[in-house]
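For reference, chains read A, B, C, D and E in written order, and residue numbers begin at 1 within each chain.
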């Protein structure tokens, strides 16, 4: 799905990573690891095309990778703060030509523990707690149902239950032949999931 | 150090917590636990006096609690984004009448892995990675050396090494007779530390 | 799982419509945002009335137009600088860049959004301004005035979106925006003002009017084209 | 560990000085912030010169003063509305509230900061304006002009800080600030303008000048006192 | 928290107002200079005074809510502000309607008109601020401060007319050395002012009651969801 070959990037002269090679095939999970400041988030941004200035090649299996790729980052839930959870999901799904009925949305949100007050009163997302926002972002990831997930610290702020739920979603996704590139410092997520690690920070 | 008695708070009429009682004595760590959206961050804000509208009492051992209390929250590192790490630390320490020499600051930052480029080039904090920012906030916590720590998800974004380092700091702090109120979903921090748990979310 | 992704992309027009709808939805979720530019215009006019001394009656009508235009301009500036506010929060903009939509559709949606709220602001401000200056509403229903205003609005909207998109990811967007916006808006403002002034003086279609309107239209075209062409694509 | 916390609080004056130094440091780390208001003022002046028709020579000097004042005012508004920008990011403001400092010291530090950058803005804008309008610099070195300007600045600064603090945690701070700031600054502006106008007319110290300056000083006092007394303390 | 009692003075006030209007329309003599149109004064001036009255109440409640620990006074402030805004707009509207025949324009930048407009803007700003803040001490404090400033602005409205050149009527009712108005006109006008003041105060009380109800309802609906 994704081939990264000989990728080199650095701010200034010092490279953050050098000659990086890896590829993601269906059903495979790649963990990007490294100490804080190693360049993991930068790597994800570069793969997505949100940052440029690298050398080396990044090749996606298909023409417009945005059709089948989803992205989440720690400070980027992509939520409109004044709108409700449902309004947010609807917008992002419609942009991907997914006409999910409100019932399905509500069910999914219920599964993520976003129910009662938050839905019915139409509480704007800005009033959600840290973990609820992240849950909403992951609900979107689940509903978008893309082939490739590029996820940067997905577990941030989640409680035990939500972590487990997400882990299950990741496993289902892999089983269905999806690919994942994940950055996480939290070993809980990867316990018992076969994965390859790309290590940054030695450069 | 801190006595919370019969604390009740809710947005609207539904209480997030009701009749909460706990106290922090020297050398004690209190963990606030609960699912996402249970009201943990809200509780910490109320204790600090950043939010109001509660009933019940919050009593600190001494007159101006701000002199001997430090606070950290997931979206609140309290950093001036355009200034360097050292400039940030200096400012906050000076406000607490601590004249730490630049050498000591550098040593401390080195200990947290903030060295080389970040210090010498005077990289503004806005260019730090998620984990580096959090490390800097924790370095400040360590240097401020307050009696009581009110910390909300301190481990957010930290890698394994930094987590361990912080855990050591917490243990030292407790041994020296400090008190801690911590919110965390990450069990790594509390492994092997004696603590009491305040559970929210049953209300 | 839809791994063989059925068409996960919507048509250009649907995209524009969806984006426009969402922008308006955000506006409505916080309607103060729409009202404030009007308040602001009222206060700008009030300041003018304080600061600017009594005028010769002969230039009074020109003064009315001038003050109306300035008030509109300040109000629009406020409107535009907020047009990208929701995209900046929580990195919605990056998410949009990674959604399967055309950059040009995004820009077009934003331009339409800005035109919608801009026209609202403009109409209300003009009415307010004529009333507050004790003028007849006929002044602002003059077709030439309306035409010049619309052309100016289009130019300003194109420019605003262009710059907002460019500076969106720069630190301190709030500051960069006026820094570039004001100088670049001068040609549009100047030509619309001058075209209008020429009209007000003679009430006939003169050469000077023609040349100023040509400039106005040229700048409209330039800014609009640039905005759509230089849409913030994936880098 | 300093569990028996030796004096962890610094004196009121030290606090003010530390906060002022930090604010200026932030400004210098990001000098665009200081330059933009000037830029903005230049463009406001430019717009005036386009939009406002030729004037009778008799009111020309008053017109110059008026335009200068408006330009200064708009520039100051930009400066003030950003006064709390660095405190709003990363919840620095909450950290300040939890630092062992007096709320009044915080406000005073901020007022001084705003006065420093406000005077800079004001001086530069006045010079710019007189030059752009082809006037003698003597106009703006007149002691009465300087005095009135300083008094006006103090009132505006007090008000600006007060309002910035009030609206700090409001949704849509960027909108609410000008909305409240403009109407409330009218007494200050009006009295300084009128005092100055009275002076320009006769060049003697008249009764009307006296009463306008009294109002001006009264408002300075009100806004400053309210700002310092009602500083946003811990809730 | 229903405020039924406040409806009684409101009804009395409204019926008294009807009588006053009848008197104003049929009983008091026509003005020599302005003709029939001057009769709008019987709405205009009472509305203006009621708008000021709200500001006075706002001053009072702001000071109290600076001191107090709950939102009671804050809600009263809100009620006063809303009613004040209504009466300010009424003053502006009647004034404009009156201005068109007498001055030939709907609006002019006269001091008192300007300050009245400012009052409307400030009342509006207060409400916007209230809505933009989340409940708690912070909101109480911020709104109280703003309320204080607004209330301080009102005396200027009243005084500025003496200081600033003006088109508007000079003060004729309250002035040193007695009023310059016809005594019939004056008594109906004074009556109108008192009646309108009564109406506005009872409106504030009623509104205060509904604000309390609104809050309770909101809380109930949240409570039932659990």
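The rule is short, and it goes like this: a residue touches a chain if its C-beta (ideal position, glycine included) is under 8 Å from a C-beta of that chain, and two chains touch if they have at least 3 such contacts.
This one's a predicted model, so the numbers in the text were calculated from it and none came from an experiment.
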>> Return the chains shared as contacts by subunit B and subunit C, ordered by label.
In response: A, D, E
> Suppose you hop from subunit B to any chain it touches, then on again the same way; how many hops at least until you reach subunit E?
Replying inline: 1
> Between chain pairs B-D and C-E, which one is joined by a greater number of C-beta pairs in contact?
Replying inline: B-D
> Hey, which chain ends up farthest from subunit A, C-alpha centres compared?
Replying inline: E
> Can you give the whole-Å distance between the Cα centres of subunit D and subunit E?
Replying inline: 31
> Which whole number of Å gives the spacing of the CA centres of subunit A and subunit B?
Replying inline: 28
> If you average the CA atoms of subunit A and of subunit C, how many Å lie between those two points?
Replying inline: 36
>> Can you compute the centre-to-centre distance for subunit A and subunit D, using the mean CA position of each chain? Integer Å is fine.
In response: 46
>> Which positions in subunit B are in touch with at least two other chains?
In response: 14, 51-52, 75, 81-82
> Considering subunit D alone, which of its residues make contact with at least two other chains?
Replying inline: 30, 171-172, 176, 179, 183, 186, 190, 235
>> Residues of subunit E that contact two or more other chains, please.
In response: 114, 118, 121, 125, 128, 132, 136-138, 222, 225-226
> So in the complex, which bits of subunit C are touching subunit D?
Replying inline: 30, 32-33, 36, 39-40, 43, 46-48, 50-56, 59, 62-63, 66-67, 69-70, 73, 78, 82, 85, 171-172, 174-176, 178-179, 182-183, 186, 189-190, 193-194, 197
>> So in the complex, the part of subunit E that touches subunit B is made up of which residues?
In response: 135-138, 218-220, 222-223, 225-226
> If you look only at subunit C, which of its residues touch subunit A in the complex?
Replying inline: 1-3, 5, 7-10, 15, 18, 22, 25-26, 29-30, 86, 89-92, 94-95, 97-101, 234-235
> Which bits of subunit C are touching subunit E when the two form their complex?
Replying inline: 32, 39, 42-43, 46, 49-50, 131-134
>> Quick check on the complex: what are the subunit B residues that touch subunit D?
In response: 26, 48-52, 64, 66-69, 71, 73, 75-83, 87, 91-92, 94-98, 124, 145-147, 173, 176-178
